[in-house]
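Notes for the one structure printed next.
Think of it as A, B and C in the order they're written, each chain with its own count starting at 1.
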Amino acid sequence: MTWHVSQEMMASYRDNASSDAASHSLELHLIECEPCRRIAYEAVDPDRRDRIWAGITERVDTPRSRWIERALRPFGVPTHIARLIAMTPSVQPSWLVAVAIILALAALAAPNLGPIPFLVVAPLVPVVGVAIAFGHPIDPVHEIGVASPTGGFRLVLIRASAVLMASIAISVVPALFLREFRWMVVWLLPALACTLLVLVISTFTHLSTAAVVVSLLWVAGVTATELAASTPVASFVGLAQLIFAGAVLGLLTLLLLRRTSFERIVGR
Amino acid sequence: MTTLSGNVELVGVGKRYGSVQALGQINLTVERGITGLLGPNGAGKTTMLRMMATVLAPDTGSIALLGRDPSRAEDRVEIRRRLGYMPQEPGFYRNFTVFEFVDYVAVLKQVTDRKQRHDQVREVLGMVELTSVAHRKIRTLSGGLRRRLALAQALLDHPEMLLLDEPTAGLDPEQRLRFREVVSQLPKRPIVLLSTHQTEDVAALCERVIVLVEGNIRFDGTPEAMSGIAQGRVWIAPDPGDDAMLSWRTGDGKYRHVGKPPPHAALVEPTIDDAYLLLAGDGVGISR
Amino acid sequence: MTSISSGPARGVAVALARVDGRHLLKSPLFLAGLGVAMLGTAVFVLGALTDDATTWSNDAWTIGAGFILAAVFAMLAVNRTSLRDHREHTDEQHGSLPTNQTQRLAGMFGAVLWPATVSTLLLGVVVVFASTQVDVPAITIVNVLHNAALFLMLGAVGLALAAWVPSSFAAPVVAFALYFIHPGETPAAWHVIWPFATLGTVGLAMWHILYLLGLALLLLATAATRWERGRGQAIVFLGSAATVATSLTVLINGACSQAGPCLL
């Protein structure tokens, strides 16, 4: 190699004063020439070197952000909360795909079977999602999570909201295939009520038990109402929506009253 | 079931994971008796054990287990009937009880007769002292009990080759002594390969020690010969030394040094730990 | 004590079938399915005891629906049991054992016989009881056998899913799909493909049972190809495919000869 970097060239590069062509040649040369790299190293003052190096290390070490985190950031969600949400087990592809398929089938069957199958299944999606998101057989970090400052009630709220949002998002597209507009929205309040109910019951017993209980109650309740009522789909329209709204408020209050029980692990 | 004759023989065995050479050209013969496998994390101990357990095939070289060739399907089944394997991170059916799980493994080991199988299960549970929890669900067991369970399932049906990967991790001192008792009293003197970090277990139990570092054998001999490597290189001094390879403050206030002695140092009898430090940290390969 | 093992490979599958069969009977999913079957039965029995106008042909559909759901629950239970090694990460540990995956598959299918037998016996008892209250046509005996075949076929579905789609969510999706995908109300010949179809004549019903058994073996052979491809599998595959094809032909022809549009 006959051409090497001179001190003046290095100084002007460091001070951002060299032309593009000169900078380019210098950079290419540095890749191959060790003595010149040493010159470059000496030419930059130590503080700036450390800052550059720290920036590189930070960039390399930062865990890759998942697409969910990137999607949430424009909505003003802070990065650490977005990460908690992204790490929720039930915001995982296989679960979402399974739910999407089931709801699509229910929606496609609506012309033959009516909207009831969809309306019954859609509120149960966040219930099962919440059961999968917590609870220690599924979540390997459960115990560490409960012992941490963010663990307990706050984590439960963050994750439950994440599950609810994800479930609603997944359910919206198949819902569009239900023919009437009202079918696309009447399941929202029941979904919220069922989710709150499973959280409240989970303060008394194991989460998976709570999920099973809520699912059975929901299916039995809808079945009984449909059999007893004179108008079809009575469990979702008119008075029923008011009842669900009342249930949501009541359950929310109950959940806030029972929030301290999330600071411990329920059962083993 | 007829006993298979033969040892474990590895000839030129190598294994690569991507760009990492986990094992490089290992030549080894293991005979009946207890052999200890020491080495730092990532040295290739688990890879070697997995190959002997017939769950992993080598990239290069050949293996003979109990005189059979594990790359052939029929031989593999015969080897597996006489094999007991306790992996480093054992898995369980957590909703099963202890008895049910060991019974299930016994079925998979082809012990088809129910009465004989249940007798076997009771026997191995007795050997590891799990009889009192035999009907508890595995998810209610602590880590130490689960490790004993993993050992129990490996001991089923009196294997001729027993592969134990970190068997005493997480066990309290009493359980570790009990483990030594169980392993040293196994009937029919099987081939036992014990991969561990606990040098005391090796010193107490093993007739032979193999030190594996970065995929290569650095030492192969008796525990006494291994301690002998550190002869003349272990010191006690009142002050910490900067020149030693490793130096630490012992309970009585003095400093133990391995390597170059500081001033006012007195020579002491080395242990296996010291030799291991020299082998694993030094880069010098020594064999019997 | 001397070592005793090395029963022949067949013996292992039988031993596994016994152990896993008992587990299946105790599994919450299967018990829930039986509960649903009993619910359907209770609805009919209540109706039969209180209302004289209850007839088998009009009202017994609740029993049928209940037991079909029990079969679907059993499929979920079988699938969950088969995915045990996947869930508990014991695949490699059990890979060092002499029993291979094909033997374990055969054992699991044998295990399905246990819930199939229990539910079929239960259905038989229900039918016998119902016959004391209402007139039950003779073909119902064949329907009881059909229930057993359905359990075996759905069990094979559970096993095939576990082999090829090792996710805990796959079987529930299929269970929902079975509910939502209907052949529809207007009768047509190809509806005989539907496993839950009920057929009017004893002959056709027996062929449908054969069809279900053929499907079960076909699914088993498909599951087994996940781990090995040998001559044994090929024979089972071809044999079951032939059984399915033959029985379908007979069924479609038979359905065609009765009233209604054919093939579509």
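Keep this in mind: a contact is a pair of C-beta atoms (placed from the backbone, for glycine too) under 8 Å apart; a residue touches a chain by one contact, two chains touch by 3 or more.
Bear in mind that the values here come from a model prediction, so they are computed numbers and not experimental data.
Seen from the C-alpha centroid of chain A, the farthest chain centroid is that of B. Chains B-C form the pair with the most C-beta pairs in contact.
Centre-to-centre separation between chain A and chain B, using Cα means, comes to 43 Å.
Centre-to-centre separation of chain B and chain C, using mean CA positions: 46 Å.
Centres computed as Cα averages put chain A at a distance of 38 Å from chain C. With touch defined as above, residues shared between interfaces to two or more other chains in chain B number as follows: 94. Annotation for chain A: no residues touch 2 or more other chains.
Remark: chain C residues 167, 169-170, 172-173, 176-177, 179-182, 184 touch chain A in the complex. Chain C contributes residues 1-7, 9, 11-12, 14-16, 18-19, 84, 88-90, 92-100, 104 to its touches with chain B in the complex.
Of all residues in chain B, only 1, 50, 53-55, 77-78, 80-81, 83, 85, 87, 89-94, 103-105, 107-114, 116-117, 119-120, 123, 157-158 touch chain C in the complex they form. Chain A contributes residues 94-95, 97-98, 101-102, 105-106, 108-109, 112-113, 117, 121 to its touches with chain C in the complex.
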